[in-house]
Amino acid sequence: MNAEPGKIDTFLAIDNLTVEYPLQGGRKVHAVTDFTAHVKRGETLGLVGESGCGKSSAARAVMQLPRPTRGKVTLDGQDLTGLKGRALQQARRRFQMIFQDPIASLNPRMNIRDIVAAPLEIAGIGTEEERTQRVAEMLEKVGLNADQAMERRPHEFSGGQCQRISIARALILEPDLLVCDEAVSALDVSVQAQVLNLLEELKKELGLTMLFISHDLAVVKHVSDRVAVMYLGRLCELADAETIYRQPVHPYTRTLLDAVPEPDPDAPEREINLVPGELPSPVNPPSGCPFRTRCPRASEQCKAVMPELREITRGHIVACHHPLVPEAG
Amino acid sequence: MRYLLYRLRRLAIVLAAVTFVTFLLVNVLPGDVAYEMAGMDSSEEEVQEIREELGLDRPVVIRYFEWVGGVFVGDWGTSFISSEDVWHAVTDRFPVSFELMLLAQILALAMAIPAGMASAFRPNGRADRIIGALAFASVSMPSFMTAILLIFVFALGLGWLPATGYEPLSSGLWANLKPMILPALSLALVEWTILMRTLRVEMISVLQENYIALARAKGMSNLRILWVHALRPSSFSMITLLGLQVARLLGGTIIIEQIFGIPGVGRLLIHAVYTRDFVVIQGCVTFFALAFVTANFLVDIAYAWLDPRVRTRGSHG
Amino acid sequence: MDRNALAIAMHRKSRSFGLYFWIPMIWLIIVAVACVFAPLWGLPPADEIDWAYIQSPPVEGHPLGTDNLGRDLLSRIIYGGRVSLTVGFAAPFIGVGLGLILGMIAGYYRGWADEVIGIMIDAWLAIPGLVILLLFSVVFGGSLFMVCLSLGLLFIPTAARITRAATLNYAGREFVLAAKAMGASDFRILRKEVFPNIIWPLIAFVLIDIPIAIVIEGALSFLGLSVKAPTPSWGGIIAEGREVLSTSPHIALYPTLVMFLTVLCFNLVGDAIRRRLADVREGAI
Amino acid sequence: ESHAMAKKGGELTVAIETDVRGFGTIKGGVLGQTGEIVMRTIQEPLLDWDPETNEPQPLLATEWSHNDDQTVWTFKLREGVKFHDGSDFDAEDVAHHYNRILDPENKSRSRTFIASIEKVEAVDPLTVEFHLKHPWQALLPYLATTSMSGPIPAKEAVEADTQNRSPVGTGPFKFVEWASGDRIIVERNPDYWNADEINLDKITFRILPDTQTRFASLRSGEVDVMWTDRGPSIVEAKQDDKLVTLVSEGAGAAVNLLNGKKEPLNHPALRKALAHAWNQDALVKISWQNTRPAVEHPLGPVKDCGDVNYRGFDIAKAKEYIEEWKADTGNTEVPTIVMIHTTTPRGRELGEIYQQTAKAAGIPLELQPVDQSTLVKRVFTNDFDISGWRIADGADMGPQLYAYAMPGSSYNLTGFDDPKLAEVAEQMRVATTREERLDLQCEMVSIMNDDGGILYRGGGRYHAFTTPRVKGVPAPYRGAVDVTRAWIDEQS
Amino acid sequence: MGEIILDVRNQRTAFATARGMLNAVDGVSFTLERGKTLGVVGESGSGKSVLSRSVMRLLPGNSVVPSDSKVILNGKDLTRLSETELRRLRGPEMAIVFQDPMTSLNPVLSIGKQIMEVLMFHMGMKKGPAKEKAVELLRAVGLPQPDVRVNQYPHQLSGGMRQRVAIAIAIACEPDLLIADEPTTALDVTVQAEILDLLQRMVKERNMAMILITHDMGVVAGRCDEVAVMYAGRIVEKAPVRELFNNTRMPYTAALLSSIPKVTDPPHRKLDAIEGRPPDLINPPQGCPFAPRCKFAGPECEEQVPPLEGPGAHQYACVKPLGEEVAA
């Protein structure tokens, strides 16, 4: 890899992550292929891409749920992919996850206290009372009234409140890394804003490092320091948030951005530059560049050679043979 | 294809397991066929001799493998009691039981499908409640009582149908069907309920699907929506159940055949159990298992027919 | 706005326990009390022959008459109910208990455990239930415990399948994934995350099975393969009564009626509870 | 109804209780009442037995004589009789049949009872000689039996090993088809030596094990003839004026065996107590609904034995014997005695009734339902205290009584060990007149009754029912219904 | 003024639930002209879908609609028609496209059958011509290889293709009114753009009227003539699209707009979240339903439900509309 940001302050290193799911008949779904990204302590890395491009698979591989097929995940110098049994269980305290469906990620049969206290209980921390105390603090921190919430069950809460509970549960062990897989996608805009604000606050307060996954470019931009764009299991482009939105160099990133409808009737009409056709299947990804089948700039080279990741400006990584040259000015 | 091979391999293992378990079970039955064969008027020594002659004194596992070996060359053994060839004994009677079960299933389906649809159309409506009450009443009656009542009413009382008996198909279709109606009905009256309720539950949820709303929005009539749009996607659980029910029906036929004097495998089996006729028990159970396994294989095929998602699997990534 | 009130009322009715629940429940309570406290009613012993009244229709001292052997029919029905109710409750619980364990293992661990359990279940299903019962009762026959156990075994496959499907469903849910992410052990996940969720469909299943177990026990008695003489059981009394159906119809009729009503009531009550459970499961209540 | 009125033609359906195991002399084992009904139509024995006069009649044998010490009997066979396969019936067939049964190697289940025959010789095609070990009055009755040893099969079919499932005989009907568990069909044998007497074209025997089913079939007209021994059905059928009832008396008895070879019933006082605690009348009334007689011996109506020491139901006496037992053994409590019975309703009833009466006498009985084959095994292996049992009906009860009574006989199930009894039994066996033989049988029964090891629970009486259109069916003889001469009268 | 195709007057739809009556749509009125698109936006549960189904008269059994609600389509009052008469209108006069393309097609019928069915029922076509027409329709909605696809089943198509099929079904009988209920919510942004373009093209080409339901302000901004904002079962603001965005009067609309993260915003900007959550429709608060969450609410807001009114085409239901406090 020629693109390796300064190693010293890398907190989470994802190297050549590959996730494959076996199918019947010996075929495989290539959900994630050779994904590499390094995240600094306290930084938020956004991950965007269309449905099925492997975002969740990548997130779960980072969480070791299950372990990736290949590749390495290093958290604060500790190689997670190498850990086993109790060691992994111990290490899990340091990285936690929030899921997409706020209701489904809470056990409907448990009350809120037990849900939020579960990580403490599993880790064997504190007495019953101490745990309850911690839970109460945590609930208050995510903006819920602990007295009212503790004994109730998840279905008595709205989606936004459930997501707050999830966040409380994820943060109760004071992890260093928080992986959010579509954490706000299921929420209404008004509530989504509440949760996004909460995440931002907590991140600052607790010094969290985050991997933030969403298909919504605007949301990702809102919380991320840097953004990675995925297509068909591969990384296309990675740069800091400002840059990638202002000046995308991968044709796919460009298309995505153009397709976002803006809540402004006076916004100029934008053409989406896509060769019509279907999203290829991750079972048989196209040869060469995976995007070439829909890319208006595709050439013979794209068909033959898989583009390497390269750093075109400092910290701006792209995998494309024909990147959009940044316009002057 | 690969899936088919997997299924077949699994079927083979299941059959092996079934036959072995039965073999074991049958061999721990107290009392033994040697006494049955020797009869009341023979001595203990004579019995022992018979036992040796039949090879009953050798280890079960060895006898099992001998039996399996025999089955593969078409030798299912010979009844200890009637010295009838087991393959013939079972295949003679199986079609009778099969016809009974098939008829029962058809009757049960004929009751369950319209009733289930009527119920699901307006859950908790009047039709649903009436059908529900009928359904509960009919499962609450053990099939042997239903059978006795049916005989009393339709055979002895009204004289519409024969009380008992069996006519082979060679005597004509109606002659064959006539004595089968009451027994099949006794079985169906118990079976239809669970089919109906399964269909009802699944159809209620299917009727809430978007594609049903779309069909309504297209202006399709209720009848067409129920039959064309909702029935097929609602019948998967019911079809699975049809397969599973084969096991229950096979059990049910044992009593029903007894009451209606139908010469099916059920009667053969119960007689064999009473007389410790190992080979026949073994043959019957093997056949039952084969029937069950085949029925469930057919269910798989029915799935493919009902659900294009299964049918066209593989034709698309 | 009449219609609204009506609509609400109808909706309420379908959600709360109405007459459809309470009338059958009352019958079941009567039957249960009658059976459980049978020795308190001063009935003649169920096996005592009244030589003066053989196959008698209802007379003084025998409110429901006597059976073939001149035993008090009421007493026999009540004592018979003890057998039916015991089997009706014990068998499904045994079956569901065992099925639960198998199903959870298969559904949670998948892979070869699933395969092996699947084959066991298929094989067990492929032997018709009555055949299993027949063989069991001939081998071990006679005791109430064995009847419960062998009948219970019949419920394993379905219970295991239901459990497996439910486990599969819940094991893929995000809250299970969340528990894994917290480092929870498999045992904890099964016990705390999966079990509380799948127990409801299984309870619903037990409710369906109670009447079924009663009916099957009846069939076994009918074939003379249930509890041993002189312990009465409903199916047994019916089988005996069947012989004299045209001369003394009451002998078969009363137990049939009691059995029918009881099974029907179990079905109705079970259904009502199941609806409630469905509400609970949907989180509506 | 005389045969003059008989109408030719027609088909008859007969309901039988169980499937036949087979018709082969060796493989088929014991025919049973059901098998005999079918067998009668296909094969014939040498002699016919007239139930009225209780004398033998010619059938395949036309005349017979014996030497002075009654050890060699010579039979002349009927001329021109052919088997269904066309072969001639001759002395060879008879000799082959009997010698096969008598050969111990073949383990024929009929051997025990005719073991007094030493050998059978064909003198010429129409003459056959029976050589006996000793004078034996039971020979003629046994030659007339329609159970397995009586009817003569074709030697060729026996040797070809086809006799068991497609029997060939000389009988009025030819075997057509046997659908196991369902039906056996026979059709008229046009070449029958007495073809004039045969009216029906075809008989279908339908196998309907369940009594209610059989009965329902008879009432709804699907079958024309049925046999049953179930009390309630008999009572009901007798009351039904749309059915014709046929009754006959027979020998044999249903019994309870008390195991005198084993604690605690090896004590005679306890056996006697149990004998007095047994209420035959109640069982006959309740279980048989008086469709069978209560009996004091199994010899049937052919003999009035007078007083045979029968121990009747008498709780007081039972209690006396218990006291005697207690005094004798020093025990204060009667131990629980296990009674095995079959899982059938009849078996259950038997146990339940005995349990109640024994309880009244202070004897605790525990019931253990087992199925038929377990019961047989346990009785033979001495693993029981009390068990239900049956002494089969026979044209002559001698051989059975002998087997039950002799010490050392495998059939001495109750453990009789009385030298007097053994002596009488030996005398009975070689008695030279029927009268003497029967007297000795009565004497045997008295000794056995006094011991209390065998308790009767109903003697032999047989019921069969037909629809009114069926004519020419005699009362069932020893349980077997003879439909060979039946005819159909559609007018009634 | 174009020809008025749809006139909804005081539509109220309530559901009988265990807890009581739930007023999902509460007095909604609007008109729609031929060739125009009305955007309906609102948060989840605000009654958008119920409104669309009320217009189609496709309501579930536990719904209650008072008799003073009227839906007039092409001059016919749908509330007065029998089920059979309605059935004849569904398809030829009004059609709907549902939100989730994955579940709105019948999985066991080929897509050809599902299109032909409408043609055969409403247009009395025979099988052959119906099939030809189906292929033609599939081509019109931009489905590649329509003659092959026509025999395929929904699971063999991607989400975007399924939505195209749903649109083909909707336009098969050339309806006058097309309702698209969140047609792109389940789709990726690139596909969303294509589908919206397609819908827009169809409406233009066939001169239909369309109601485009969405929760995405961005979607309505580009593609509607007029926008109605729903909150708690009511329309709280309705205006021509530019007017609505540029001159927002209703505080709810404004709050909604500002709580949306935008790609043009800088990262880590704090969003203006609306605190609290939408009201319980069974026990709605007194007065303006938005009042409990509204920054500007005063005691007068709780007095009564403000009616939807305003000058000209811009109407709003607020007693303290934005842009007026300065004047006051």
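To keep things simple, chains are lettered A, B, C, D and E as they appear, and every chain counts its residues starting from 1.
To be clear about the criterion, a residue touches a chain if its C-beta (ideal position, glycine included) is under 8 Å from a C-beta of that chain, and two chains touch if they have at least 3 such contacts.
Per UniProt, the chains are A = Peptide ABC transporter ATP-binding protein; B = Peptide ABC transporter; C = ABC transmembrane type-1 domain-containing protein; E = Peptide ABC transporter ATPase.
The structure presented is a predicted model; accordingly, all values stated were derived computationally and were not measured.
Asker: Which neighbours does subunit C have in common with subunit E?
Answerer: A, B
Asker: Hop distance check: subunit A to subunit D, minimum number of steps through touching chains?
Answerer: Between subunit A and subunit D, the shortest chain-hopping route counts 2.
Asker: Which neighbours does subunit B (Peptide ABC transporter) have in common with subunit D?
Answerer: The common neighbours are C.
Asker: Please identify which chain has its centre, taken as the mean of its CA atoms, farthest from the centre of subunit E.
Answerer: Chain centre farthest from subunit E's centre: D.
Asker: Relative to the centroid of every protein C-alpha atom displayed, which chain's own C-alpha centroid is closest?
Answerer: Closest to the centre of all protein C-alpha atoms: chain B.
Asker: How far is the middle of subunit A from the middle of subunit B (Peptide ABC transporter), if each middle is the mean of its Cα atoms, in Å?
Answerer: The separation of the two C-alpha centroids amounts to 53 Å.
Asker: Could you put a whole-Å number on the gap between the CA centroids of subunit A and subunit E?
Answerer: Centre-to-centre distance between subunit A and subunit E: 32 Å.
Asker: How many Å are there between the centre of subunit B (Peptide ABC transporter) and the centre of subunit C, using C-alpha atoms for each centre?
Answerer: 22
Asker: Quick one: which residues in subunit B (Peptide ABC transporter) touch 2 or more of the other chains?
Answerer: Expected reply: 30, 148.
Asker: Which positions in subunit C touch two or more other chains at once?
Answerer: Touching at least two other chains: 10, 138, 242, 245.
Asker: For subunit E, which residues are shared contacts with two or more other chains?
Answerer: Residues: none.
Asker: So in the complex, the part of subunit C that touches subunit B (Peptide ABC transporter) is made up of which residues?
Answerer: So the residues of subunit C touching subunit B (Peptide ABC transporter) come out as 10, 14, 118-120, 122-123, 125-131, 134-135, 138-139, 158, 211, 215, 218-219, 222-223, 235, 238, 242, 245, 256, 259-261, 263-264, 267-268, 271.
Asker: Can you name the residues of subunit B (Peptide ABC transporter) that touch subunit E in the complex?
Answerer: 122, 209-211, 213-221, 228-229, 232-233, 306-309, 312, 315-316
Asker: Write out the stretch or stretches of subunit C touching subunit D in their complex.
Answerer: 47-49, 51, 54, 68-70, 138, 141-142, 224-225, 228-230, 236, 239-240, 242-247
Asker: Can you list the subunit E residues touching subunit B (Peptide ABC transporter) in their complex?
Answerer: Checking each residue of subunit E against subunit B (Peptide ABC transporter) gives 53, 56, 58, 61, 86-92, 95-96, 98-100, 103-110, 117-118, 121-122, 152-153, 155-156, 166, 169.
Asker: Help me check something: in the complex, which residues belonging to subunit A touch subunit E?
Answerer: Residues in contact with subunit E: 50-51, 158, 160-161, 188-194, 196-197, 200, 215-219, 221-225, 241-242, 245, 255-257, 259-267, 269, 272, 274, 276-279.
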